[in-house]
Amino acid sequence: MFEISDRAKAIEAELLEFMDSFVYPAEAVYEQQMLEARDPHHHPQILEDLKDLAKQRGLWNLFHPHPDWGPGLTNLEYAPLCEIMGRSAFLAPEVFNCSAPDTGNMEVFTLFGSDEHKERWLRPLLDGTIRSAFAMTEPAVASSDATNVEMSMVRDGDEYVLNGRKWFASNALHRNCKVLIVMGKTDPDALPHRQQSMMVVPIDAPGVEVLRNLTVFGYADREGHAEITFTDVRVPAKDVLKGEGEGFAIAQARLGPGRIHHCMRTIGVAERALELMCRRADSRVTWGQPVSERANIQDWIAEARIDIEMIRLLTLKAAYLMDTVGNKAARTEIAAIKVAAPNIALTIIDRAIQVHGAGGVTGDFPLAAAYAHVRTLRLADGPDEVHKRAIARQELRRHRDTAESRG
Amino acid sequence: MFEISDRAKAIEAELLEFMDSFVYPAEAVYEQQMLEARDPHHHPQILEDLKDLAKQRGLWNLFHPHPDWGPGLTNLEYAPLCEIMGRSAFLAPEVFNCSAPDTGNMEVFTLFGSDEHKERWLRPLLDGTIRSAFAMTEPAVASSDATNVEMSMVRDGDEYVLNGRKWFASNALHRNCKVLIVMGKTDPDALPHRQQSMMVVPIDAPGVEVLRNLTVFGYADREGHAEITFTDVRVPAKDVLKGEGEGFAIAQARLGPGRIHHCMRTIGVAERALELMCRRADSRVTWGQPVSERANIQDWIAEARIDIEMIRLLTLKAAYLMDTVGNKAARTEIAAIKVAAPNIALTIIDRAIQVHGAGGVTGDFPLAAAYAHVRTLRLADGPDEVHKRAIARQELRRHRDTAESRG
Amino acid sequence: MFEISDRAKAIEAELLEFMDSFVYPAEAVYEQQMLEARDPHHHPQILEDLKDLAKQRGLWNLFHPHPDWGPGLTNLEYAPLCEIMGRSAFLAPEVFNCSAPDTGNMEVFTLFGSDEHKERWLRPLLDGTIRSAFAMTEPAVASSDATNVEMSMVRDGDEYVLNGRKWFASNALHRNCKVLIVMGKTDPDALPHRQQSMMVVPIDAPGVEVLRNLTVFGYADREGHAEITFTDVRVPAKDVLKGEGEGFAIAQARLGPGRIHHCMRTIGVAERALELMCRRADSRVTWGQPVSERANIQDWIAEARIDIEMIRLLTLKAAYLMDTVGNKAARTEIAAIKVAAPNIALTIIDRAIQVHGAGGVTGDFPLAAAYAHVRTLRLADGPDEVHKRAIARQELRRHRDTAESRG
Amino acid sequence: MFEISDRAKAIEAELLEFMDSFVYPAEAVYEQQMLEARDPHHHPQILEDLKDLAKQRGLWNLFHPHPDWGPGLTNLEYAPLCEIMGRSAFLAPEVFNCSAPDTGNMEVFTLFGSDEHKERWLRPLLDGTIRSAFAMTEPAVASSDATNVEMSMVRDGDEYVLNGRKWFASNALHRNCKVLIVMGKTDPDALPHRQQSMMVVPIDAPGVEVLRNLTVFGYADREGHAEITFTDVRVPAKDVLKGEGEGFAIAQARLGPGRIHHCMRTIGVAERALELMCRRADSRVTWGQPVSERANIQDWIAEARIDIEMIRLLTLKAAYLMDTVGNKAARTEIAAIKVAAPNIALTIIDRAIQVHGAGGVTGDFPLAAAYAHVRTLRLADGPDEVHKRAIARQELRRHRDTAESRG
């Protein structure tokens, strides 16, 4: 089932070996270098060392579906690789140049960028020398309804003038972040899905001000989640992606792979949490019995295994459908994994924390940070409720159609 | 993914057409014939009519994996067919001669029966002229721990003498039930998994007394769940299946397909419930809005769709593994679907009942009966807790092995 | 806390003694008499015997808040008594003349009945010689939105002419049922809450046809849940309760106590299920350990105890508020227990079933029938969702008011 | 119900007024002062200002049950006050000198301290001039089983020599922390509950080293959760509390009030989260409708209200029982609220976060920090599972006793 090529299997074997030999052992080094720097946005040397090593081994840009720019794996082939990277979520994705939101941005540049965009931004992104951010969500409105977006983009000659406020622009505080893809409103009077445009804006453009980092629970993430104001920022018309009014269409194109990558990584996080839960349960003794012998903990372990198996298969199916019938036809499955993967992972991580006792909520284990990170995925790219609404409307429509065709 | 043969696809198309043309329209007829008979164990004529029709179309014994006795479909190929039958759970499986526990018993006779067993029991079972029951569970003990089985089978010359009490022998009150496969203890002093044997016992053997039917919630099922006493029942040694002490091994062989068929049918039940939920939600109006517009009901619909997609894929994977690496290697997946499928279906059915209002708990819709039936599956062949325990122990072992190989 | 009078405590002690001495031992007799009658609506002798005994002891009409007609206990005083009766839910409430919907109907006759009504219906109801039903829900519409009610009540001289169809008229198949209180629409053009009226209709009035009993999860309840058609039924104007257009107001007055009695009884059901769960867990052994030693079952037992404690206190608070500030001021608490009590009880009963193994779903234990009965309470008098909506709107309003008063 | 004195009501009114006038407005000031200090353990001036004010108003040491040292309120009287403080959980408890673990420690000094302890430690604690910590949990073992405690306390003449490692000593990084109460093992060969002793240790005693603060979901709490090593720390015998071997007994005495205070505060946190959820739901619009109109969000609001009402009543009952029959007789109720309060609050906070969108996980709202804090309460003083085990064993015992007395 879900057959993958021998080539993808070979990459998987290499990746696993690399994780064991280099990534897991580097986790403590990474923690130490970050701690010593006393700067949450520090870019530690170990990352660059591992990036070099990964590039040498050809474990680089594995996500990129276009053979010109990467190994050209299908989504189905990339899925297990992405999950493996997710097991070391704060380190591995960047080591292999497969971290969000850069992967999504690279896809956008590949599909919709001009030659200049490709030269100036895509190439160094693929080389891992610069990073990028995506500025869509706004603090003042519920951005899941795209028509709510308020950032104004007003045409003025050969330029657009941008004014507005964005937040949760992830990666914008990465030391190497150089460019933003910005979503805004070029025509408030157009049809709802033609009002928005996306533009390419250098992070050092006049009028762009990165105000602050937003903490997630108590974490100040290294890559950052920035609040940014745009004050009379002038963007040349050539930096509009795909064309005016195409913002919503690009967002749709971008979100498919973006969501599926998040889900794959999240499954890796869940597997890691389950492994930690098992090991801890084996090593702690209460009232003369290892915790792993207790039936309530065994129920948690079993439910974790069941749920992980199910969500992995659904994610693979979504990947397969994207490969074979396209993102649009796969939209129910993509929405389904967007909802299910974080919820499943959160339950597993929470129970792993519980098995760890007080240590579970600290920085001594990767569980609390994983919880905080995965919790944001229930909101990023739209809250669960928006995706469930879409799935339900699709389902209701299907039964109405059947009823009509039968009647 | 999960590729199936053109032949299986063709059968699926025929089966769908048969369901639409004959089975769904027959549901009301069936209900009416049962009502008029005023006998819960009545065998209504419509069943025989449909069986004839199904046999003519070659939609018969689809479950049987052995090409000598059926179409020889793999578990993976049979899965979607079984799910379709599950949509009309009280009618369709028997129409196509694919109902439990006959399918499991036919497999046992195929694998472990003597030529005489095949002639006398397997042939008419495959023809649909007789039915069979499986007597394993006992009222006095928790039978999920097989060593608890108390039915004694004492060798006496060329015979065994059986004494004990069984219950939940499903099908034993079917009008056509002729034979029982009985699990008991031949050697209490053997190793735990060598204590039990299985024997073939005609239902009219002297000393076999069918005491009563057990109701399920308030339902007296047509096929019945019998409590049976065995008093000095003499069974010739030739009617021991596979050999003395092989009872546990046969049970293992039997349970794999049995469980997976139950899961497949349960997914069909869940799909039917979801369809009914959608239709009802569209047709009921409160405070000026169809119920289907309410976000809590939409959440239920979406969660149903997500969960059904996940459990179907896991069931297909279990089937695929059984086909390719065998029942034993697939035991975690089989246990997983045994737990997950009924729980998922019950939530969906319960919510469908809620959307139906008071009608949902009555006989006017198939939901309450479906709930009662699926609820028993959380107990049949071992309660959830036993299967979760097995999954957890397997998972814990896996991480212990990894730890050792790393250390 | 929740102080109750010495008089109420004395009644409680007598009631407990009566339950132990007479009611629990009678359960098996009741089952046997019903079984032998082979008629689900049979009225077994044991009931009349126990009623006589209860009347002699003064354990009669304990529910009635008006000292003229009963002991005059407050809702708070009656609550623990009602819970105790709920422990033997299919027998005790009727033994003490405290069964639904008669208690609600007796309150309606007390508050809104004419002298004739009191003489003809209330007196024999209080004596336990007749029974009554309440006909409000309709099969064609979602009756939780009262404006949906379709039963027409057209004035014609000194009479009203009733046409329509009701279902779930509980008690209408009780052998002694003599009278219906019927809700219908007298003025479709009035304000929403003035459209309905309630009328008193003898069950043998011309044009009233009890079509059938509705089963609940396969159970044909003794008292019955009837579908009834009304065809040109003529009702004298003097049999309109309280006045034309007062139907909604009466329903509100009736539902408060009705709901709280259901909740109290439901807590009794939950306590009984927990007791059964504990006893069964102690008596079953798997893998060398009583089931009660397993941590997952212990979690269930603990969660049951916690939830029962919480819902009992909330029910007592609702009762206290009804006694002190009135049904209307207690509406949030009444809605809250209406939602919480059945859901809590269902989880406990379901887990008790699971601990019982296959026996749990049969008639050998009172669990499956309890489940079916309590499940209907999530729909009766409005589904959970309607009550949650009311609570939420109240909560939102409260915070809006605070915001305004602060601003 | 749950009658409280006029005096307690008057204090409640004053406290509410103080919260509105001083505490809520100070929250932003507090945040600002902490931010500017760039030191997570900074002691901001606003705290001292508010403490002075609270002391002037007599809103001081409200927790203390002994009239010599505080207002002498019962637990039942203190409960609503403690809940009110919980609404501003990071500020209010300390403002009123009612913060954990100082309250528990003050009770221990009151009950078991020598005159010297009272003079040197209790008096300044009650004055709010110093703070204290409680060192019980250890990193190496599951401390919920008290016999696991490894810290050694070896008698040497008139002194004990302490060696071991503690963590989650909350408050130890508070700028004013001066003293520790330390639990350790004086006699490993004694009966399980006589092995431990508690001693008073100045934080600056030679050999005490505060190694580091433990973060909680990324938060470095102001008061800190310290890891501390004890190396040959010499403690005079007079500083053993109550006597050698009395550690377990003191822990039991201490935990009752400690737990109930945590629960009360947690209910305040839940109320605050519900209020924030309602306000946010009213202010966000998607697809032309305020989020507060959506039925799934209304369900969340209603469920929050129901659960808060229930847990508050159970907490009051536990308080009432502690006041009237003592901590030991109230142990089931105390364990019950210890489990239920944090779980209920976490669900409400999590849903409030979800309604807030991405902002919910940041520091812009108090929700994420509240989540992290309340999550630790499922582990502090023993994980949920330990308390459920205790409740279940108690419940099982009760039914065994009944069975015996009946049999």
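In order of appearance the chains are A, B, C and D, and numbering begins at 1 in each one.
The rule is simple: contacts are C-beta pairs under 8 Å (C-beta built on N, C-alpha and C of every residue); 3 or more make two chains touch, one makes a residue touch a chain.
Keep in mind it's a predicted model, so treat the numbers as computed, not measured.
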- Task: Identify the chain pair with more contacting C-beta pairs: A-B or B-D.
- Result: A-B
- Task: Determine the centre-to-centre distance between subunit A and subunit D, using the mean Cα coordinates as centres, and give it in whole Å.
- Result: 37
- Rounded to the nearest Å, the gap separating the Cα centres of subunit A and subunit B is 42
- Query: Using mean CA coordinates as chain centres, what's the subunit B-subunit D distance in Å?
  - Reply: 52
- Task: Check each residue of subunit B and list the ones that touch at least two other chains.
- Result: 294-299, 385
- Item | Overall pattern in which the protein chains touch one another (line/ring/star/complete/other) | complete
- Residue numbers on subunit A that touch subunit B, as the complex places them: 1-3, 76, 274-275, 278-279, 281-282, 292, 295, 297-299, 301-306, 309-311, 313-314, 316-317, 320, 332-333, 336, 339-340, 385, 387-393, 395-396, 399-400, 403
- Note on the structure: The subunit A residues in contact with subunit D across the complex are 137, 139, 141-145, 148, 167-168, 214-220, 225, 284-287, 291, 294, 296-297, 353-354, 357-364, 368-369, 371-372, 375-376, 378-380, 383-386
- Task: Within their complex, state which residues of subunit D touch subunit B.
- Result: 294-299
